[in-house]
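Here's a structure for you.
So that you can tell them apart, the chains are marked A, B, C and D in the order they are listed, and the count of residues begins at 1 in each.
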Amino acid sequence: MSAIPSTTRTWCLYAGGLLVTLLPLAVLSGDLFWVNILIYTYLFAGLAVAWNIIGGFGGQFSLGHGVFFAVGAYMTARLYLGWEISPWLGMIPGALLCATIGPLVFWPTFRLKGSFFAIATLAFNEVGLVMANYLHTVTGGPRGLQIPFKAGLGNMIFADQCIWALIMFGFMALCVAITIVLMRSRLGYYLLAVREDEEAAHAAGIDVTRVKLRDTALSAALASIGGSLFAMYIRTIDPPTLFSLADIGVKFALIALIGGIGTIIGPVLGAFLIIPAESYLRAVMGGGLPGLHLVVMGGVMLLAALFMRRGVAGALDALWRRRSRSAS
Amino acid sequence: MNIAGRLISAAILGGGLLAGTAIAQDSVRIGAVNPYSGPLALYGDELARGYQLAINERNAKGGVLGKRIEMIRGDAGNPQQGIAAVDQLVTRDKVEILIGTYISAVSNAASDAALRHQKVYWDTNALAAELTERKLPNFVRSGPHGANFAEMSVRATVEMIAPAIGKKPNEITVWLEHEDSIYGKTIADVQKVEFEKAGVKITGIGAHNFRAADLTDVVLRARRANPDVWVQTGYVPDGNLMLRTAREQGYKPKMILFVGTGDTFETLDALDTEYLEGLFVVSYPRPDVAEKFGPGAAAYLDSYRKAYNREPVAPQGMAAFTGMHMLLDAVAAAGTTEMTKVRAAAKQLSDRLWREVR
Amino acid sequence: METLLNVLVVGILLGGIYGLVSIGLNLIFGVIRIVNFAQGELVMLGMYGAFLAYSMLGLDPYVSTLIVMPAMFLFGVIVQRVAIQPLQAESSMQIFATFGLLTVLQNVVLVFTRGEGYSVATKVASFSIAIGEIRITGTHLIILIAVTAISVLLHLFLQRTLMGKSIRAVTQDRQAARLMGINVERTFMVTFDIGSALAGLAGALIAPIYTLSPGIGDNFILAAFAVVVLGGLGSVAGAWAGGMIVGIVEAFAGYYIDPELKQAIWFLIFLLVLVIRPTGLSGQVGAEEVGFREQS
Amino acid sequence: MAAALEKRLMTEPFFSVRNVVKRFAGLVAVDNVSFDVSRGEIVSIIGPNGAGKTTLFNLLTGQLAPNSGEVRLNGALINNLPPDQRAKLGLGRTFQIAKPLIALTVIENTMMGAFLRYPGLRASEKRALAILEQVGLADRANVRASELTLSERRRLEVSRALALEPQLLLLDKVMAGLNPSEVTESIALFRRLHDTGLTILLIEHNLKVVRAFSERVIVLDHGAKIAEGDATTILSTPAVVTAYVGTRKRA
């Protein structure tokens, strides 16, 4: 009996899982409030999955993915505003740029471990913010870029929110699919070895740095595509939004943690827990006492770090394994 | 308002919000989109208080369109939360009009979302010029925008400061300092154009981060350029730090002109009155302005003190108050809350007001 | 020439502030390797503590430190016991836990103060020394003296006292320290609490300079990490020097290049040092290895 | 050109170590050591504790780079190649303290090595299974490495190295801590591997193992090579005995 689950069964399992996440869209398609939340949920699920590729599987805990997110957003918006290039094409240069600068930027800090690497990536985010404010011609400076409403498939601007929900769902599915392909390939296994013990990985003939670089390139490119979609959906992007640690930088990691770091489906679970909860809390409590809903979110983050270190997926996995062991 | 008092009032407000959604459709519901959490919560709250005062006054006189007016808050600190707030207010709280916005980026995204719902977006406080340049069919701005602040700072320099220091406009030199986010940058850009038009020599333009731990470099660079008038556009934290550092560095230019902040108790607490003497401020009309310049300001101040038994936190609240009144006038004139009619009524109202003023 | 000196003095005084704010973190992150992103909030609480003492009891901030420090020491006990102790060996989880704590503390203060910008005045340090163009204000001078004095005291504490030695032992190798009979958990707790108390002290001393806001901690947290790593993990003198470097670089970059870019400039320097020599300027021998080896 | 290559291969030793020196700030851990290993041989490096065996081993595996001297595999200079490049050239190694990837299963650990030659998922899995049979861990294929016994962990190390299809296998005290029956089992395993033409170079201070199956022995003492030759003669020469046992005290 092969240890590796069969290809078809895996794909069906994940495809089934992802289709289930379409159910809420079908049910709530009338209520624009929930459709808007679903749009973010799918988008941030995809982004958390992309982050997980390097943060979870690669063991390189990055808090600087906001930089790739921002590059994708700015590149697509600038190409569309400047030269009327359809965002569908405009996404690609952003992704390629991040796939090259990502590894270049992260490469020198790879030998740093855990918290050192995280602090270095935080510094990248801050430098990115200052640069975004400073380079007016490219990023529109502090005013950022505004994209006028001109509906059209080519412009990737739609009046109907449900289309956006489907696009974001597609992005999430793309990220999950790429992760599945990755984790069923040599690079994926090498990643697990590198995270586990770099010295042992070296001995097993793995070029540790190259594995990390390719992994970062993939993760950065996907984060950039996420940024492009975000820019076209919101149609107004400015440095504080794109480089905000609480909303972007740390949130990717938080969603992956609460969902289950280092699992494929974990980040998706995490997104479906965090984003709706936060949006609903803000809607209900936001008006009342200022900041109360953020106290709750901060508390959730604290409790998750303390009691759910392997996240929801980890907890389910442990439960399932304990049940199967007691059953067998 | 001690802390315990504030907690109780907030709980009632919070509770009211929840209960609000259940009341039947016999009232005109207005959604107020502002940052009620995060660093700018103070200003979001102040605008909401301004709106509420105007609503209370209108409800006392029978509301609008024969119905009671009710305000529901939508918390938004960044553009994506702006969209979510508008969707929430329209679909769940059934608001018919949206008003708001202390942050320009939020107004941009929220007014866009409001257009999707075919609802009027009445902006009383956002300053970015682009908001009206976009020509959205549902967008109306009642408050001043960046260019007004810039033009006013130029007029203040040319018409008041120049004669005060005995110089002709083309002999005056200014240094334009601004904080580096959308607010400061927008105003500074227009100031640059307007000052050059007025023939005033700009000795330099500086930008800084309003969170900076030290602003001595900003002060020293201004002193090196030795302008007659030191113009600063920013928020309270950086404004206070700059004034303190300037006092410590013993730098007192002939005139200091603050745009947007500098006239609230927060600055008064930070600096002793001695250094603040002679500080010019171009800002929203203050509630305690003389009746000659701001008719109705005293009335606003009284009702504010009665309703919240404290001094107004920031002048932006009065701009929100007047903005809400103008909105309600437009709705009354239009006879409906429908987007295009309200906007048309607002246009007529605006033209009539300008004719009276000239 | 005099402006050059003035900028240098400004840099040193600013270095004093950065040094003071990061002393607590140097103990918590540098010595016992706890990644505490909520350190900025501990400083903020110190500031609000000074404000409460000032507004309610009329105490000058420098006097209020006598209340703020013990209060923050106790607060440190609670935080350490609840949020830090269980995550002793997992650095990425510490990042989450402390980031959660940061959000909670910031917003609790926001709920109470509704974001109003308070200020604290001081009579004690309202003097200022002028030498030609150079201005040294009382508040900054006191901070410079305080950070230097504390660094010396902390250094002696770590080198000479038994508790200081056990703290350093626990950092080098937890197992070995346990074998020597050191109560590791208690040592970690005390170290964290001292770090928290020092943050409170920093808050109280810088309160007269800044306008208080719930989010003011964010202005310092990244600078504090940079100073601790630049100065060399756990080295008290290194942190002092690290503060000076960041302060002087910021002052010169701000004046001679552009105030808008100064933060990006010293962040880039921080990144270079982090990459080339992760143990910082005067990291102890083995700190590099300790920095890399996950303590079991 | 092929002829020249052919000629060089014939005369060039399979694995050669020439005047290798390693200093750690003044302390000379490996002092000008030279030796050759020809294809298909089993060679042991022995010596008392602190003789520099492990340092020499790390120089061969790429953990450390020598201060001077040359290490060649198949004539190619591998002095400064990192361990993974050496693995590609056919050099497999095990760790003294077993380093399995504990979160992964036994077969996944082995596949890590197999991926080098078999990039495909299925192919590498098939190859790994074959090796596990060879090493006697096939029945434990899907067990997490964290649940293995010490001897199983040792064999997992070997299987991961074998999965690289190495030409030369470096074993670092692979018998340490095993009970006698496990030792005999391991020796049988290495004999089987040797019969397939694999060259083995091992570090061992358990003389019973050295005598059991190594053809040639190199003796290190204080970083220098004090003796080299076939197992039986070397182990009886006085210099080696004193190095091991220390000088016999006059009664």
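Just so it is clear, contacts are C-beta pairs under 8 Å (C-beta built on N, C-alpha and C of every residue); 3 or more make two chains touch, one makes a residue touch a chain.
Treat the numbers as computed from the prediction; the structure is a model and nothing was measured.
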Count the smallest number of chain-to-chain hops linking chain B with chain D, moving only between touching chains.
2
Centroid-based (C-alpha) most distant chain relative to chain A:
D
What is the identifier of the chain with the smallest separation between its Cα mean and the overall Cα mean?
A
Pair joined by the larger number of C-beta contacts - B-C, A-C
A-C
Approximately how many whole Å separate the CA-defined centres of chain A and chain B?
36
From the C-alpha centre of chain A to that of chain C, how far is it in Å?
32
Distance from chain D to chain C - Cα centre to Cα centre, in angstrom
50
Residues of chain B that contact two or more other chains, please.
37-38, 41, 45, 180
Counting only residues that touch at least 2 other chains, which ones in chain A make the list?
133, 289-292, 294
Using the touch rule from the top of the page, what residues of chain C touch 2 or more other chains?
107, 110, 114-115, 214, 260, 263
Write out all the pairs of touching chains, ordered by chain label.
A-B, A-C, A-D, B-C
In the complex, go through chain B and note every residue touching chain A.
7, 10-11, 13-15, 17-18, 36-38, 41, 44-45, 72-75, 78-81, 83-85, 87-88, 90-92, 105, 108-109, 112, 115-117, 128, 130, 134, 180-182, 184-186
As the complex stands, chain A meets chain C at residues 61, 63, 108-109, 111-116, 118-120, 122-124, 126-127, 130-131, 133-134, 246, 250, 253-254, 257, 289-292, 294-295, 297-306, 309
What part of chain D is in contact with chain A in the complex they form?
61-62, 82-85, 87-88, 92-93, 95, 99-105, 107-108, 111-113, 115-116, 119, 121-122, 124-125, 141-142, 160-161, 163-164
Which chain C residues qualify as touching chain A in the complex?
29, 33, 35, 83, 86-87, 90-97, 99-108, 110-111, 114-115, 214, 222, 225-226, 229, 260-261, 263-264, 267-268, 270-271, 274-275, 278, 291-292, 294
Where on chain A does chain B make contact in their complex?
31-33, 35-37, 40, 133, 141-144, 146, 148-149, 159, 161, 230, 234-238, 240-241, 244, 247, 279, 282-294
